[in-house]
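Each of the two complexes below includes chain A, the first together with chain B, the second together with chain C.
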Partner chain A sequence: MLVYLIKRVNLLVTTLFLLSLMSFSLGHLFPGDSVINFTGQQSLTYEEYAQLRQDLALDESYFMQYVVYLERVFAGDFGLSFSSQSEVLRDFMRVFPASAELSFYALLVTCLIGIPLGLWAGIKRNTLVDKVIFSISAIANSIPIFWLGLLFILLFSLNLAWLPISGRLNLLYDIPYETGILLVDIALSDFDNKWPIYHDALRHLILPTLTLATLPTTLLIGMMRSNVISVMNSQYIKAARTKGLSLYQIIRRHVLRNALLPIIPQFGLLFNTLMTSTMITEIIFSWPGIGHWLLEAIYQRDYPVIQASLLLVSSFMIFINVLSDVCHTMVNPLVRKEING
Partner chain B sequence: MLLDVRNLTVTLKTDNTEVNAIDKMSLSMRDGTIHGLVGESGSGKSLFARALTATLSEKWQVKADRMFWRGQDLLKLSAEQRDQIIHQDIAMIFQEPGHCLDPTATIGEQLSEVVPESECKGSFWQRRSLRTEYIHQLLKRVGIKRYQQCFKSYPHELSEGLCQKVMIAMAISRNPKLLVADEPTDAMESTTKIQILRLLHKLNERKDMSVLLITHDLDAVTQFADDITILYSGQSVESASTKDLIRRPFHPYTEVLFNTVPRLGDNLTPKSRLQALPGSTPPLQHLPIGCRLGPRCLRAQKECVVTPKSTKYKGHVFSCHYPINIE
Partner chain C sequence: MMNNLTKVWLSTGIIIWLCAACEQIKDKRLKNGLIYCSEGNPESFNPQTTTSRITLDASAHQLYDRLIEKSDSSDQLVASLAESWDISDDGKTIDMYLRKGVKFHKTRYFIPSREFNAEDVIFTFNRWRLNTHPFYASADSYPHMQSYQLELLIDDIQQVSSHHVRFKLSSENHDFLTQLTTDYMVILSAEYGAKLALQEAQSQLDNYPIGTGPFYLEDFVKDEYIRYKAHENYWQGKTKIDQLVFDITPQSSNRLAKLITGECDVVAHPVASEMEVLQDRPGISLQSKNADNIAFWAFNTLKPPFNRSEIRRALAKAIDRQTIYKTIYYGMAFPANSLLPPSSWAYNNNLPTITYNPEQAKKELQAAGIEPGFKMQIWSAQIEREYNPNSLKMAELIKANLAKVGIVVEIVEFEWSTLRKKLLDYSYDSVLLGWTPDMQGPDNYFIPTLSCPAAVIGNNRAAWCNPYFDNLLHNAAASTDLKQQKDHYMQAQSLLLQEMPVVPIAHSLSFLAKQHNVVKVKFQPFSAISFKHAEKF
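Coming up: the complex of A and B.
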């Protein structure tokens, strides 16, 4: 087990190293002066420029420059943003909770819809229920997410006027920024009547969450369905039937666990698609999150932000991937068997 | 009579054809015996077991003149009633026991779901320990010495023999009247095989539990079974007590079958041919009409294109137009 953990950590460290290397080289590859690209300070006097050049070790070898870059990364210094002239890390920490919140709800919806539907389709294999679920998920899977988001807006916001078009909260409510997670912030704020605010926040959440959850849900339904089918055909389910367990007991005790376990490592991959979709969704619904921030930075050629967010977002993704892998090993005895012998 | 099946026909239905995988098979079993069901691969032995426990999928159709289980016709009962009787009285163990246990649950967890409620009466808090105690007893009863370790293990950490013992423990937890053992020792080492068979024998003697031993291992079956039914290609060939069957078979197939087993002291010359019927068992899509042994039988004549009726004679039940050893 320890060897396995070391292997995984090794993978994590190696990937992070390569990423940091790439992020570092971007500082030189971006057009413009590398001092400005690394620090983000645009109006410098000659003395300041010379000082920074020395601090960043830009006159020395690339290796020394990389070491200095790493030191700055570990100190949390990603330079300043071109457009806002505030620290990139602070900007990141400000927008990250919004994205994390949205992704988390989408993941929750994905699990709540995807797992039961996949299970149902798998158990009622080749019946009408299965065909309906499978074809709907196939259709939903093939709809591009940006188009789906716009369609939702057209239908529910413009035509039916049920739900708000964009943003996180009505401008009437001014919630002080505490954690960045809106529902938590509302709870922490000292307004008297919080229910209308919650209500408004949830109304704003529905469309982006649904848009974001669509693709992962269809993927999860597909995975769950095929896993359930293969588990239902296995010997031990047949044996369990002769033991006199009811279908419900068999599903609860044997099918669900055996079908879910192989999905856990897939969650890492699911998370990757989720992250990409989050960025698109944020643009469509003007959700002030990472995607919005990053695309804005790309439009404005805000090189320090692009450089930093590349490193931060991909590190986060890799971390989640490795984590889901390790979790899978912890809970699945079959994988432990392969590792141990 | 524990089990009395007459003219059981199991039909495989596909889109354009119907095949009788089991054709008018009969089997009767006395209370408290070990009954061997012998046949080559594909002769429908396992199919019979699954028809008996009603675990066949929908594409199979089961018909029989009668299928009496302790005086009740199983086929005339509703599905729920039948399932209830089967789950109460009949337990089953399979070949490849390692695949029959949930790979992601410990042995203890899997055993605890079959412990009957009546065995662990007590308060909510006592129930758990009572249940564990009961499972330990079960594991001890099937001869697992390190039962506590086994309790915590996952199936892949145990050997096939141990897994089969666990399956047997699971089967006997409800004190069934009949244990259907579907090739329980297939692909096992000979020492483990004998252990498992002895265990079944012991349970049969002490617990008065009848065993339907489905196998193609003639040695095992002649050693442990009281009665034997022989199947060929889905038709019952001959059925009698083991001794009678070996001493004086009436059906030509029975004689050939027992002759295929080489015995010590037979003075076999080295590299001589072993006894066997010419040809091979017919595949399901090309079943001969009438007696299915017909094309391979050395005594077959014109009449054999009609399925022979089962005849009772001197304790044997056999289906043949031209039986042997009858004066």
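Coming up: the complex of A and C.
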């Protein structure tokens, strides 16, 4: 087990190393002066410039520069944003909770819809129910998410006028920033009569969450269905049946658990799709998260932000992937046995 | 059977409940605030430092007051922070008697201890007038004042008593009082300045504004929103709305959608192609403004070969402007031949029109030594401007036109404030921009955009400096005879057409769309938007 952990951590560290190397070289590769690209400070006097150049070790070897860069990264110093002149890390921490919140709800919806539907389809294999679920999920799977988002807007917002199309909350509600997670912040705020505010926040959540959840849900349904089918065909289910367990008991005790196990490592993958889709969804629904932030940074040629967000977002994704791998090994005895044996 | 019936009832119930949940709950807090969907990020919150309309919209009338205002209906001068004024016989000394009891904003970053007085006026004007002033260097330039050379016009400003200031002018200038009513002449707080100077935080003066205006700045999150709250002690009485939010929405189609769903109360610059959708929509009304602006294609005349007027003229001939009117303005614009719109009294009717003639353009370009395959850049903003609803698309049309005369165009697009920053380096070949006048009178079309002082500070996008042209403008301003003035302006326009530092493209109508229940938004020529009197029912 320890060897396995070391292997995984090794993978993590190597990838992070390569990423940091790339992010570091961007500072030199972006057009313009590298002192400015690394620090984001645009109006410098000559002395300040010379001092920064020395601090960043830009006159020394690339290796030394890289070491200095890493030191800065570990100290959380990603420089200043060109356009807002505020610290990149602070901006990142401001937008990250919004993305995380949206992804979390989408994941929740994915699990709540995907697992039961997949299970149902798997059990009722080759019946009408299975075919309906399977074809709907195949259709949903092949709809590009940006198109789906626009379709939702057209139908639910512009034609039916049920739901808002942008942002997290009506801007007239001035909720102070505490955790960045909106529903928590509303609870922490000292407004009276909070119900309309929650209601407004939920209305803003529905469309982005549905849009975002569509693709992972279809993936989950597919995975769950095939897992359930293979579990249902296995010998121990037959044994359980001959023992006289009811279908409900079989599903609860054997099928669900065994079908879920192989999905856990897939969550890492699911998370990747979710992250990339989050960025697109954020842009469609003007959700003030990482995707929105990164896109604006690209339009504004805000190099420190592009550089930092590349490193932060990809490190985060790799971290989640490795974590889900490790979790899977901890939970699933079969894999553990493979590694040890 | 019963079981199935229950299911049907249950699911119907859930669907009804869900739909009910979709309806927005009526909340008084929403009625007391107003959301304006604006098109971009302001560069700062001080109009002195820019000519960008977005910055002016976000600051000039929301946060500040001027000494004198223009009346809404006519061009009469109305007392504001100055209660009254006297002009000496020689026109060189102007006495201003200031209003008492005017309070500055109280915000989380500054609490004023005194009311408005003469010190504030002197601080405000000296800030851009004197290069020795501690705050002078905290902004790159003061484009409006510097292109009009107001720092040379004002000799001195003296404090006579705590509420009496005296302006000494170097020469008589009949436009000076009108200058004071422009969006740029906002009054800042000297006390706040002193506090910032003590903290050596000079740059905050423009980003964390303090003024006397109807709203104060609560919060600005770039690319997301600007939040203003009503100034409780506003000297004209507290505004009807408690809160004003600028929802920054760069895409015009998004703004339109948000207006329809009711997420915006007022939206900036609905583009011509969307007018039809808006006109038929119940609950939405449109306000329009005359086509007094000008969209142009400016060449960087510092950069060869664009320093040669024959090349600029040839390029102008290669542009099919008719297609531009049809596909970009949808007929909501007038063709432009000069920077001045035809409605102006100084417009030169005798100017030859710029005609589309690619063959001749090609010949002229070859004669000037431009080989086929010549590469050039066109810079363009991503957002709609009053004068240009779609500058990217315009750049693409021009690209296609120029391809026919053998020129390869690369379009470079920027976010608005980034574009403005990058333009200051004069590293571009050409750029699609325009101008919306802030003052009545023809010289506002020429002085801030094409004069030599404007070229020095970077507001002259063609970087074109022609002393003869400046002289014509100067003579026109100095003359009191209308016929003579007109004569000078006519000559200036002919010179521009001959020299072609910028290719005039169109004068566009501009619009504001809003919900029916919002009234009294001030959307008028020669002024940025104002929500001072806005109400929501």
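Going forward, the second predicted complex is superposed on the first by the 341 of 341 C-alpha atoms of A that agree within 3 Å, B and C clash if a C-alpha of one lies under 4 Å from a C-alpha of the other, contacts with A are read in each partner's own complex, and residues count from 1 in each chain.
By our rule, a residue touches a chain if its C-beta (ideal position, glycine included) is under 8 Å from a C-beta of that chain, and two chains touch if they have at least 3 such contacts.
What you see is a predicted model; the values in this text were computed from it and never measured.
Asker: Just from the overlay, do chain B and chain C fit on chain A, or is there a clash?
Answerer: Fit - chain B and chain C, as placed by superposing on chain A, sit side by side.
Asker: Once chain A of both complexes is superposed, is A:His199 in touch with chain B (first), chain C (second), both, or neither?
Answerer: The answer is second: A:His199 touches chain C but not chain B.
Asker: For A:Ser189, decide between first (touching chain B), second (touching chain C), both and neither.
Answerer: The answer is neither, since A:Ser189 touches no partner chain.
Asker: Output check: A:Thr15 vs chain B and chain C. Expected answer is one of first, second, both, neither. What do you get?
Answerer: neither
Asker: Is A:Gln41 touching anything from chain B or chain C once the two structures are fitted on A? First, second, both or neither.
Answerer: neither
Asker: Could you look at A:Trp293 and tell me whether it touches chain B, chain C, both or neither (first, second, both, neither)?
Answerer: So A:Trp293 only meets chain C here.
Asker: Angle at chain A, chain B to chain C, CA centres, as a multiple of 10°?
Answerer: 160
Asker: Pick one for A:Asn272: touches chain B only (first), chain C only (second), both, or neither.
Answerer: The answer is neither, since A:Asn272 touches no partner chain.
Asker: For A:Ser84 in the superposed arrangement: first (chain B), second (chain C), both or neither?
Answerer: The answer is second: A:Ser84 touches chain C but not chain B.
Asker: Once both structures are aligned on chain A, how many angstrom separate the closest C-alpha atoms of chain B and chain C?
Answerer: Least C-alpha distance after superposition: 22 Å.
Asker: Is there a shared patch on chain A that both chain B and chain C touch, and which residues make it up?
Answerer: none
Asker: Which stretch or stretches of chain C touch chain A in the complex?
Answerer: 19, 21-25, 27, 29-30, 32-33, 35, 41, 218-219, 221-225, 227, 243, 245, 247, 249, 254, 257-258, 260-263, 382, 413-415, 417-418
Asker: For a test of understanding, state which residues of chain A touch chain C in their complex under the given definition.
Answerer: 82-84, 94, 153, 156-158, 160-167, 170-174, 193, 195-196, 199-200, 202-203, 286, 288, 292-293, 296, 299-301
Asker: Which chain A residues qualify as touching chain B in the complex?
Answerer: 234-236, 238-245, 249, 253-254, 257-258, 261, 332-334, 337
Asker: Can you list the residues on chain B that touch chain A in the complex?
Answerer: 53, 55, 83, 86-88, 91-92, 94, 96, 99-105, 113-114, 154, 156-157, 167, 170, 174
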